[in-house]
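There are two complexes below, and they share chain A, which is joined by chain B in the first and by chain C in the second.
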Partner chain A sequence: MTTTRRTLLAGAALAASFALSPAFAQGQTEIELFFPVPVDGQLARDMATLLKEFNEKNPSIKATPVYTGSYDETLIKTRAAMKAGKPPAAVIMSANFLLDLKIEGEIQPMDALIKADGKTNDQFMGQFFDALHGNAVLDRQVYGVPFHNSTPLLYVNTDHLKEAGLDPDKLPANWEELVTTAKKLTRRDGDRVTRWGMMMPSNYDYGGWILQALTHSNGGQWFNVDYGGEVYYDTPSMLGALTFWSDLVSKHKVHPAGVQAGGAVSSAFLSGQASMMLLSTGSLTHIRTNAKFPYKVAFVPKNVKNEVPIGGASLVIPTGVEGERRKAAWTLINWMTSPEKSGWWSRATGYFAPNKAAYDTAEMKAFIEKNPDAGIAVSQLAFAKPWFATYRTVPVRKAIEDELAAVLSAKKTPKEALVAAQKQADEIMRPYVEQTALKLPTN
Partner chain B sequence: MSQASTGVATGEVSPKLGYAATLLVAALWMVPFLWMLVAAFNPESIGAGMASLVPSYIPTLANFREAWASADFPRYGLNTTIISLGILAVQVVTITLAGYAFARLEFPGRTLCFYLFLLQLMLAPVVLIVPNLTTIARLGLYDTLLGVMAPYFVSAFGTFLMRQAFRAIPRELEDAALIDGAGVFQRIGFIYLPLARPSLVAFSIVSVTAHWNEFLWPLMVINSPDLRPLTVGLASFTRGAEGAQAWGVIAAGTLLVSAPLLLAFALFQRAFVNSFVSSGIK
Partner chain C sequence: MAQAVFTAGRTSAWSAPRWRPRQASVLAFALLAPSLLFLALFTYWPVAQVLWQSMHGQIRVGGPQAYVGLDNFQKLLADAAFRKALVNNLVYALGTVIPSLVLALGFAMALVKTTRVNALFRALFFLPVLIPLVAAASIFLFLFLPNVGLIDYHLAKLAISGPNWLGDPDIALWSIMALTIWKNAGYYMLFFLAGLQAVPADAYEAAILDGAGPWQRLRYVTLPYLKPTIGFVLVIGLLNVVTQVDHVFVLTKGGPSDSTNLLLFYVYQQAVENYDAGRAAAGTLVMLALLLVVTASSLRTLERSFGEKEP
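So, the complex of A and B:
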């Protein structure tokens, strides 16, 4: 309430100063862009470079990049800033938080801005890959503009394949092949494993995403795409996926036990202590620049079908950002997601350029020619589905990630874990479910 | 109680065994630090040799160069120093006065007040992020260093510590000063403060270390790159969501961030340890 009133007052003050001083019109609009750093050092600097260039090209706007930690911390910071009445003009937000933010009324639809540019929503979203629409268009309204996106990808050390007498041109395409290959690649010294056949990250945020990829490959759904109050944790397809992961650890012993952080997985792969891994396409550039051995990438192996979730982040405008600041944020968002800029960011990071036209630029064509692995990542997009998003995505996700950790440490069976996760997730989503799906006419 | 402590002193636990156990624990605590040291000078950020605790390379400063270039360390260092020392400066005043009030002044509801005060210790700081930020914004302190510092100006832990220290000081000393005509501030300044110095020093160390290392709250308050403290500045190039990490640079950066505290500890080690022993914080 107070925020709205204050915003109104601020708006009135702005309008008043506008009318009183014509000089204000030529003044700079100051906006902030909240951004999580998806990759390491160089990229934080690249983001600063990107915004500096934007400011030089748009002298009427002064955009400041504000570093906001991880995806989860960015969500906390954005929400806290909004509650404090200081919403940032634009945020690079983890794509699966958009639904929750929309339910809470914390981000605004961009339809009016799109219309003012003389486009329809479909025309505007048409420039981005279809797989990305699910996490950006909610109720036919555009709430997010895809900025950098990813899917999980299988990375394989081909030197290790050759050593094990396997064909480096034939990478595991299904779960059975993945297990037999991982067994052949795992090296043991007595009871001690000196090289793991397979590794997958299971830390917060990453673990849920990887498990979603396995669930989809097993024909599962994870969540109700059309309704934010349902997840399918306790289902056969999810049980199969979790059992598969658990078997790699306890039965086949080709995957280390316990929670593995994303950084630890890539370090193990780069140092030759793991032969295969599932990791984000967002790590492609890091792996490419640091791998001292030949490697190849492939689709996530399927059990039932080829299907993966998208990942990454979209640009959003919080509610309460109005007038000139909103316009300036829109200018920035469009500039950052243009074919040239999203292509540039993609080459620097390894994330996809969500803008399809980026792949028609000469620079991108030359880049893909030189780095076919980036091309494989793009072709997997045809099999991509939306990232799980529910009411209160983070706690609902954490409910299963805690259980995933228990399973990987052999403290629970997959079935026990899924029942517990389902129960907890249902509990978290209950208020929403009762207010929406269960809110029936009483007479 | 006293029986047990004399028992230990007369050798119920063999001193040698205790010594060995201490060394073992100390060695365990040292491992991550040593690894950071080894990794920081390692020319290879990735590879078999990277994970080794034993250096097997020609040391290089390349990681430090990259870390230094990645973030504006002098500015971040200055911000962190202003935050940590600024908080401490105000805290010293507030906890001394509050501690004195709770220890020596008689007023109705003193005990209740004190317990309410102590209740703060039970609250996880994260819970207060949103209400604190709202207050800070209303005061016009959003995105300022003062905004980072303000919520810490009063410390429940510090007040409790000073109250205990003041209560241990014989009241007769104060009475004597009172007869000589000393005012409240003179009594605090000339009697209580000098005698409670170990507690104050111990608190200062805890306070400075905590605020030097703090990450989440400054991340919430600060927007301008120029106002970032070291932790936030460092994190902007070490934390990856989906990407991977360059361990050598992270190690070098972490060393740069922690160096001032480590250096201070090395220089004032004796004073630190003494203050902890005599203040009774363990």
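So, the complex of A and C:
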């Protein structure tokens, strides 16, 4: 009859917890944190672990993690919650949406909170890598606290390199080497390709970021970092980047045609059907746990210079979150971005810890010693630039992503695509441009 | 219903002409009230809101809503993505409703006899209907994966390099249509099974005595009897085509290059991604008008086929 007794005990415990919970709830500030899962892996589970610990350490706050899908979907759901008059207390928001949210007046600056802690904005931001400031500090006000960040990274299956008679210690460092290596790695059976030398994700959200990385490596700019109404789609550096990608598909035939989703790229790499890929550092842990072969990572190969955009997300507080909830959100944000916690999150996911001090902790030193690939990802941050951000970032980005899809499917030449993308992006940003840069004094 | 109440009121009206008709209409409205309330709350009021929204929009960036007249409609018609979605929706409608209908009729005719094997097959064909659309789309997402997906994997065994099902603008819409047909054929089969069972056996007997072959029996007996069912399935199918976008959301998000963008998804994009409530409302109104035309004409055809004398 042990089962009965156990059931009884469990019932009693349950009843006790019900009886106790109102007492606990009193004086507790309930907040919710919207969080996305943009890459492969177990991020949702890790987030639950993280917030459980926070709640245990901060009994006066009850923070609930709310999974909100991809970066784009998180933006949509946050805006929907705000329209419904129930803004979440904090959101892990794709770093490049902050400018758009600021223009629309949907997130609040954190300057007062920072000042209340006895710090200046510069002191507060000083704890994070310099490359992350561009997408967090807007017009000298702090709108976001970097939480996890990434850059694209070249992943290479070293078994395939050896099979092809190449030196696994010498990974492609520039575009030329990338092409020759990819050609040697690609396997064909007649006209049919059985293994791709190179793959890059081109689905919405991912494609624009990868193309920005190629543009930076080609010496280009992509967008006006200081002004939300200007993108440089129809420029030589972008033409070079897009032509390079298009050539991998149509000319060298080492990269599959059409749109490839991020998940399809990592699956192909893990199953040995692709030898090299460009993917986020955020996928490091997923690849490390699932790869049944030795692999190495390297900087994104350059054409003109080593330069990549940052990716990842920052913590923001929506407009309308006030009083106790704002204070509680700030406590949560500071806790999550502390050296220890951002280090823990980085080890769990593969993202960078944006807090520089995280890399001075003993756990992190031991971790990087054991996983040198994580170290390479960090060193690339020195070459990172802000992520593309304008007024209405998502449609402006989609304008080029739709054209990228057309080029990768051989429907348009790179030049045609860029002209069309530029025209559409300018059209989308026109209201902002007309009300800011073009609004000149009349008398 | 309303007609029945009216007649009842009139027959008894002879005895008390002064108040009975009024009481009858009170009763009619009382009976209709719950439906009217819900219609007003969930249909007419939102339509009125959409009408208002379609003529309003942000004039200043980050500013409040203001009256903009027909601006939103002009922008809508000037948008290539909208015209593309319109065409896609038409292709999608014709390309899914008719094949699902033909398939469903085929299944139903093959499985109309109640045997144990047929019962099993009916269940198998009906299975896709039970799977939620988002779940079905997630399954197809893996089937359609280029290179590593189940379809391409098996094609590779036959030394065929499978296409990029969802990543090629020429193929993506057809891939999505395949999912829709797979999902809907079993559902429509149910209606046809019911319709077929209502065809009197002596009609077939007579046809056979007259020397009709299988095609003639289908053409002159089965199809005429099924006319109302076909009409009904057509209406349901066309409504589904416009109101379902879950699979587009899961599979392609309207891409690549808007090749799988459908009207409702376009409206969603304008409203939540581009943050343009005015244009989304204008798009909704265009969709509403199209739906009205489709249902009105279908219902008229339906009525006509119901009104016809039995063959």
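Observations
We adopt the following convention: the second predicted complex is superposed on the first by the 413 of 443 C-alpha atoms of A that agree within 3 Å, B and C clash if a C-alpha of one lies under 4 Å from a C-alpha of the other, contacts with A are read in each partner's own complex, and residues count from 1 in each chain.
We adopt the following convention: contacts are C-beta pairs under 8 Å (C-beta built on N, C-alpha and C of every residue); 3 or more make two chains touch, one makes a residue touch a chain.
Just so you know, these numbers come straight off a predicted model, no measurement behind them.
When both complexes are overlaid on chain A, chain B and chain C end up clashing with each other.
Contacts of A:Ser271 after superposition: both chain B and chain C are touched. Contact with chain B, but none with chain C, is seen for A:Gly282 once the two complexes are overlaid on the shared chain. When the two complexes are overlaid on their common chain A, residue A:Lys292 makes contact with chain B while staying clear of chain C.
By the document's definition of touching, both partners, chain B and chain C, reach A:Arg79. By the touch criterion defined above, A:Gln28 reaches neither chain B nor chain C.
In the superposed pair of complexes, A:Glu401 makes contact with chain C only, with no contact to chain B. In the superposed model, A:Asn55 lies in contact with neither chain B nor chain C.
After overlaying the two complexes on the shared chain, residue contacts for A:Gln141 are found with neither chain B nor chain C. In the superposed pair of complexes, A:Ala44 makes contact with chain B only, with no contact to chain C.
Here chain B runs into chain C after the superposition, and of 5-13, 59-67 or 131-139 the stretch doing so is 5-13. The contact surfaces that chain B and chain C form on chain A in the two complexes overlap at residues 76, 79-80, 263, 267, 271, 273. Only residues 32, 36-41, 43-45, 48, 64-71, 73, 76-77, 79-81, 83-86, 88, 94, 150, 205-206, 262-263, 266-267, 270-273, 279-280, 282-283, 285-287, 290, 292, 311-312, 349-350 of chain A touch chain B when the two sit together in their complex. On the side of chain B, the complex with chain A involves touching residues 45-48, 50-51, 66-67, 70, 129-130, 133-134, 136-138, 142-143, 215-216, 219-220, 223-225, 228, 232, 235-247, 249. By the touch rule above, chain A contacts chain C in their complex via residues 72, 76, 79-80, 103-105, 189-194, 196, 202-204, 256-261, 263-264, 267-268, 271, 273-274, 391-392, 394-395, 398, 401-403, 405-406, 408-409, 411, 428, 431-432, 435-436.
Put simply, chain C touches chain A in their complex at residues 58, 60-62, 145-148, 156, 159-161, 163-164, 166-170, 253, 255-258, 272-275.
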